[in-house]
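Read the structure below first, then the notes.
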Amino acid sequence: MSVTDKTGAFSRLGDGPRLTQSARRQLLLTVMPVIVLAALVAAIAIANPNFLRASSIWTVLDSAVPLMILASGAMLVILVGGIDLSVASLASMASVLVALWIPALGGWAVPVVIIVCALAGLLQGAIHVVAQVPSFLVTLGGLAVWSGVALLASGASTIPVSGTTLDWTFTRVGAWNVPSAVLIAAALVAVFALVLAFTPVRRWLISIGSSEPAALMAGAPVTQTKIAAFVVSAACAGFAGIMLVGRTFSGAPTLADSLLLPVVAAIVVGGTAITGGFGGIGRTIVGVLIITVLRVGLSVAGVDSSYEQIFYGVLVIAAVAMTIDRSKLPFVK
Amino acid sequence: MAPARLGLAPPETGRAPGSPRPSRRPDRATILADFGPLGALVLLCLLFGFLSPQFATWGNVRNVLDSASVLAVIAVGLTFVLLLGAIDLSIEGVMATAALSVALLVANSRNDLDFGFMGVLAAVAIGAGFGLASGLLSTGLKIPSFMTTLGMSAIGIGIATVLFGGVQPALRSPELAEWASGQWFGLTRLTYVAVAVVLIGILVQRYTRLGRYARAIGGAEELALLSGIPVRRYKTLAFTFAGATYGLAGVMVTTQLGSGIVQAGVGQNFAAITAAVVGGTLLSGGRGGVLHSIVGVLIVTVLVNGLVLIGVSPYVQGAVQGVIVVAAVVITAWPLRKRLRVVK
Amino acid sequence: MNSTAIRRRRGLAVATIGFAAIALVGCADSGAGGGGGDEAAAATCAPEDIQLIGQVRNETNPYEKSWLDGGDAFAESVGLTQTRLTYDGESPKQQEQLRQAISTGNPECMVLNVLPNGDSDTTPIVKEADAAGAYLVTQWNKPADLNPWDGYDTWISHITFDGVDSGRQIAEAMFEQMGGSGGIIALQGILDTAAAKDRFTGLQEALAENPDIELLDEQTADFDRTTGFEVTKTLITKHGDAIRGVWAANDDMALGALQALEAAGMSDVAVVGIDAVPEAVQAVADGTMTATVSVDGPWQGGVGLAMGYCALTGELDVAGLSNEQRAFFAEQTLINAENAEENLTPKADLEDFECGNLFDRVTGPVS
Amino acid sequence: MNPDIETVEAEQSPGVPPVLAVRDLRKRFAETTALDGVTFEVRPHEVVGLIGENGAGKSTLLKMLVGLARPDSGTIELRGRRVKMRGIAQAGAAGIGMVFQEQSLIPNLTVAENILLGAEGPAVVGGLYRWRELRRRAQVQLDKIGSEISVDALTESLSFADRQLVEVAKVLATEERTNAEPVVLLDEPTSVLDRDETEVLFAQIERLRTRASVVFVSHRLDEVLRVSDRVYVLRNGRTVAECVPGDVDEATLRKLMIGRDLAGSHYDEERQLPAREAVRLAVRGLTVKGVCDHIDLDLHEGEVVGIAGVQGSGREELCRSLFGALASRSESVTMHGRPLNARSPRAAIASDIGYVPAERRREGMVGSMSVAENITLPHISEVCAGPLLQRRKERALAEEWIERLRIRTPSASAQLGSLSGGNQQKAVLARWLVSDSLRLLILDHPTRGLDVGAKTEVYQLIRDLTADGVSVLLMADSLEELIAMSHRVLVMKDGRVAEIIDAPAGAKPAPLRVLEGMV
């Protein structure tokens, strides 16, 4: 035997400063979207100080409401690793249906329409999960189908809404003239936040999004959670459609169609990983505000409308570059 | 000691659960994935041929091929991006800028420039430039392509808006007009352009590193890295190639319409993605290819054409398309279902 | 290694924000001319405090671009600048943009000349402007039961054009060209708009009077040139040489159809459209198109702002306007081979914008 | 030579300069020191064995040799010249190729494409592939290892072992690219090969050494001793010993690797209690289409049944179908006499079944979630009041199990993915133990990739569980382990039960006895 054993020191565990560095990195990722938002607002305010008036701020928040409601729901689907492309066209369909049904059902049209949309989401979720068709495709088909339903139901025309049934969605309340829509959206967001924080739902969403096989093998209710995400997403879309009717006094088959890409952009800018498994409602709020400020703020800042698209494109890319957490995306697709 | 050294490698071996055993024959699922879309196309053609007497005429075949040409060119480029597992939403913007550029660079009603076919090349190069930018932003800044290309699309439309400046530049170039309306052997010249691009696409996919590596990266990016493939370079290259095809598509639309318009690519993005996916080029990357996408393009074009011919109400055409697309995918995906299959 | 990457990225982030800020500020100098003026609370404003805002869908089509240019011409004539807003044809964005403009500006001294995206969008725009007290002129789209005289003090007028009339005029011009008989196809606009429906009604009226003309097919092409091209191609396959005329609800679709006909080698088909975009007027002058209808974009862009400007400077008494003046059909001109040359480049005529001439083009009340 | 290492001079003359010389490599990652001074050298035509526990630094060392990681200090010399590797491609060009433990073949490419991927050489001319040349060159490589795999087969259609052979063929292709003789790094190449395939590989290594140098990394000490000319032992990121196989035995090596003596006792065979009478799980006629054919099985309370079989024998599928992860048909499956309907893993868990999958990273855990969250994932109702999570209770429960299983983690809220493999596995086990009602635990290679110490802890845990009456179905990395842990061994062959062999404590069957039924 001519071997020597040189037992070395066995101690070597986590060391302080480096851990703090990774914690600081996490912190940076959390505050980055907020910094981007603040920088944008500051830049616009420098160009046009009136942007910081109370009335202007309320207007921005009010404008963000439909996007916020849509994004809250769509975020759930993105968290489980899917995508819901049908939200905007569902919102359009909801606007038509609620406008058609208010004369007969009055205020009951609202819950009925939300339920109808939820059923549409259930159908999409079921096809996705049971037939195992990628969500991108199911909801792309859904986008076309719900648009068709909206066109047929409305006869391709705008359905005006008279009366005061939906006034609660678009009015100002209190001494500060707070838009009611902002309060409604805040309440909805609070419900989301509470459910995600105090129930196991978030855990299921995240585990499915980051490792679906592991979630399945751990007995997480994968099927139910995924379908539920689609149902909630669709219900939110329906509600957003109703909110839009409240502010346009009519339902139209293409009313919300253009909101699809802003919704996805808002979720991603907020820092939620488009591949799923990482993100949350707080990030989505910030993302929605960033996109809304970009949508309404550029003209306020006096950007020539010919150049607005170029600015929008550059700033969206720049914002995403700063806010996404690359450590959650080992391979950027 | 002795038994240990004689103790051969343990015969017990773990095998990745669910991994198929070696077989020389492709299994049923692969056949379905490869030939399902083709079958669907044939079925659609038979159906429309039965429902509409005009469908199976030579004139309509020519029309379908001509209509499919722009989408086919786009789909060829998009296929490479999808093979990577990435996505490209910049098609509308790139086509807009290319359309305006070519209209302003060849003989036109707005200025005195007349670079002829150099102008066409320049527009294609501009398209490639957009693709290069998308690729560099995606790989360099590690931004998901979904967002970079979305941003690039807005930038492209913005630049086109600035170039447009109020008056549509109408083409005044007889050679280009000839390309739009001229025919060879009964088919429009643009159809041949599309066929040429498709052939180039197939050659690139089959015989060049770009095609091979795009598939490798889409199949398993980390493994492609381990194999020493310069992943970033080839990803960027794929986006660049795709951008060039969108540029060419913008030029084709401009010659068809006779003037450069910002809306040249409206609706083409979703149409192209739908076509590629319906044809079997999956969004998850690594699967499908140029031929798959082209079958998808033909399915989409035949659907639109057939629905108009049999007189389906324009309101429901979109919905019918949606249902057919989902149904087609459900049917092809049904035999692949497994309890633990992960589908995003 | 890791930390340098992060630092570099952070540096980039800071640089980009800086760029954004500089760019935004840089642009503000050229654009936001008429803003500010918080202290002005009276009903009338100093002329230099007036903020002129023109809003259309986008700047990517010649008609709407010429509209905004007309607005600029008027603003320049009174020493102001127009804020040009575009909303990409997105209804929600139009609302958001207008509300933001009102809340960041000074509504008492504001004039809005707006092209609502659809009929339905007019209601919230009117309510918003009314609540803020900004002067508003709407054009083209409005619900039939919403009218400026129903208690809206600052909604000066709604200007539109008789779509039924223009649809019929071009149809008749086309029938004449065709010699009174033959088959035609119709390309409809976005079905959800009053303009599309009215124009098509005009075609149907004309068809009723001309029994020898047969409507072979009607399809929507969304007011879009590419779609017009594709749909026409398919319809050519379906109907072939039976097509003697193409009726399109706007020029973009007509030009698309023209190109499809050319590609099919059908050069003697009569094509008509509406809007008088320069390319179409040129085509009419060249004889490849039969007719189009001019609604004079530059005039629309200028006159709306002029109405508000005159009201704010006290030269126009809004309350004193007749109902016919507060919602009217404006003059439109059929452009055919005879007058195409002189209409090649639309230009605003500043005389039209003088406070006394604002209502010269009224042809009748909106029915 | 590093003075810390006492060397046994190998037969080669000391005058021959080494092909590859690594001196004092050091590397710190954020929270750990991966390498703490590694020195070794490889001489021409030599097979050098490299052994060490998990976490000893083997993988990091190999990564540095092919440029996937950079050393903080220390040098790598190739043929006398100091080199800095910048990536696989450059390493390949310099003549160092590696067979990865986690395979590096791309599933949707053909075998030929994979073998030459990134190094097509003359098979690509002017940027264009020449398919015939590509196939020919790939075939040359496959012929070298005597494989009959078709060069046109899609890689994903191959078995794991076939893919491993392709991987080896891929590395052999470096031979022709460099005029010099290459250095081939084999990272645990036999861990998924069966006996015949391993023999092919060993024969190949013998042939390979006539024109290359080989670094052979394995945790199977017998293999290392068999094929290596010299063996280096790594521990805690440093080279602690260099030895010649003829002079040492496995026990010595094991002791060197872990720094203490564990030999013999680590299966705790004396703690194996006899199984109880009551039948817990009774399976009759279970059939998984195309894989398992009418399998009958009885599992008693407190019993460990080991399932032996070569790959493709259907044992994985049997276990996965019992857990509901795979569709199956059967005449009856009962738990405690009541029908068991495991339609899904979720349903199986509700019937008090647990499953530890072989592919831990993919199926066993959610790396981005915390240790606590992973532990409570299957039995979240244990820490819920109605629909609400009780975080304090969850934390207490997680900390209890971290304590009981001695999971080394900074805290219960640390990301599970950041722990070492052994600790991850303990957390995966803990998730089933938190439920008092666990009746049946299916362990699919529970010790795969664990070091000796962690393995021992897993074995002890299995003993504890059976003592409490839990029944265990076990598939294991080695027959020795399987036999030692089981009360009975179920031998499967071609989807059927070939035989059932009793393996009571103190009368364990010989591995060869079990082997006979398998092949």
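Lettered A, B, C and D in written order, each chain numbered from 1.
Criterion: contacts are C-beta pairs under 8 Å (C-beta built on N, C-alpha and C of every residue); 3 or more make two chains touch, one makes a residue touch a chain.
Just so we're clear, the structure is a prediction, and the values are computed from it rather than from any experiment.
Chain pairs B-D and A-D differ in how many C-beta pairs are in contact, and the one with more is B-D.
The distance from the centre of subunit A to the centre of subunit D, with each centre set as the mean of the Cα atoms, comes to 42 Å. Inter-chain centre distance (subunit B to subunit C, centres taken as mean C-alpha positions): 35 Å. Averaging Cα coordinates per chain places subunit A and subunit C 33 Å apart. Residues of subunit B found to touch two or more other chains are 141, 157, 161, 315, 338, 340. Looking at subunit D, residues 30, 325, 344, 357, 363 sit in touch with two or more other chains.
Counting partners per residue, subunit C has 12, 59, 191 as the residues that reach two or more other chains.
By the definition of touch given earlier, these chain pairs are in contact: A-B, A-C, A-D, B-C, B-D. Residues 68, 87-92, 100, 103-109, 113, 117-120, 124, 127-129, 131, 149-150, 153-154, 156-162, 190-195, 197-199, 220-223, 225-226, 249-250, 308-312, 316-317, 320, 324-327, 344, 357-359, 363, 444-445, 448, 475-480, 482, 511, 515, 518-519 of subunit D are the ones that touch subunit B when the two sit in their complex. Considering their complex, residues 12, 58-62, 65-66, 69, 191, 219-220, 224-227, 229-231, 233-238, 240, 255-256, 258-259, 262-263, 265, 277-279, 282 of subunit C touch subunit B.
Per the touch definition, subunit C reaches subunit A in the complex via residues 3, 6, 9-10, 12-13, 16-17, 19-21, 23-25, 27-32, 35-36, 38, 59, 68, 83-86, 88-93, 95-97, 99-105, 118-121, 123-124, 127, 143, 145, 191-192, 197.
Across the interface of their complex, subunit B is touched by residues 81-82, 127-128, 131-138, 140-145, 147-149, 151-152, 156, 212-213, 216, 261, 264-265, 268-269, 274-276, 306-314, 316-317, 320-321, 324, 326, 329-333 of subunit A.
Residues 1-10, 12, 14-15, 18-19, 21-22, 198-200, 203, 206-207, 210-211, 213-223, 277-278, 328 of subunit A are the ones that touch subunit D when the two sit in their complex.
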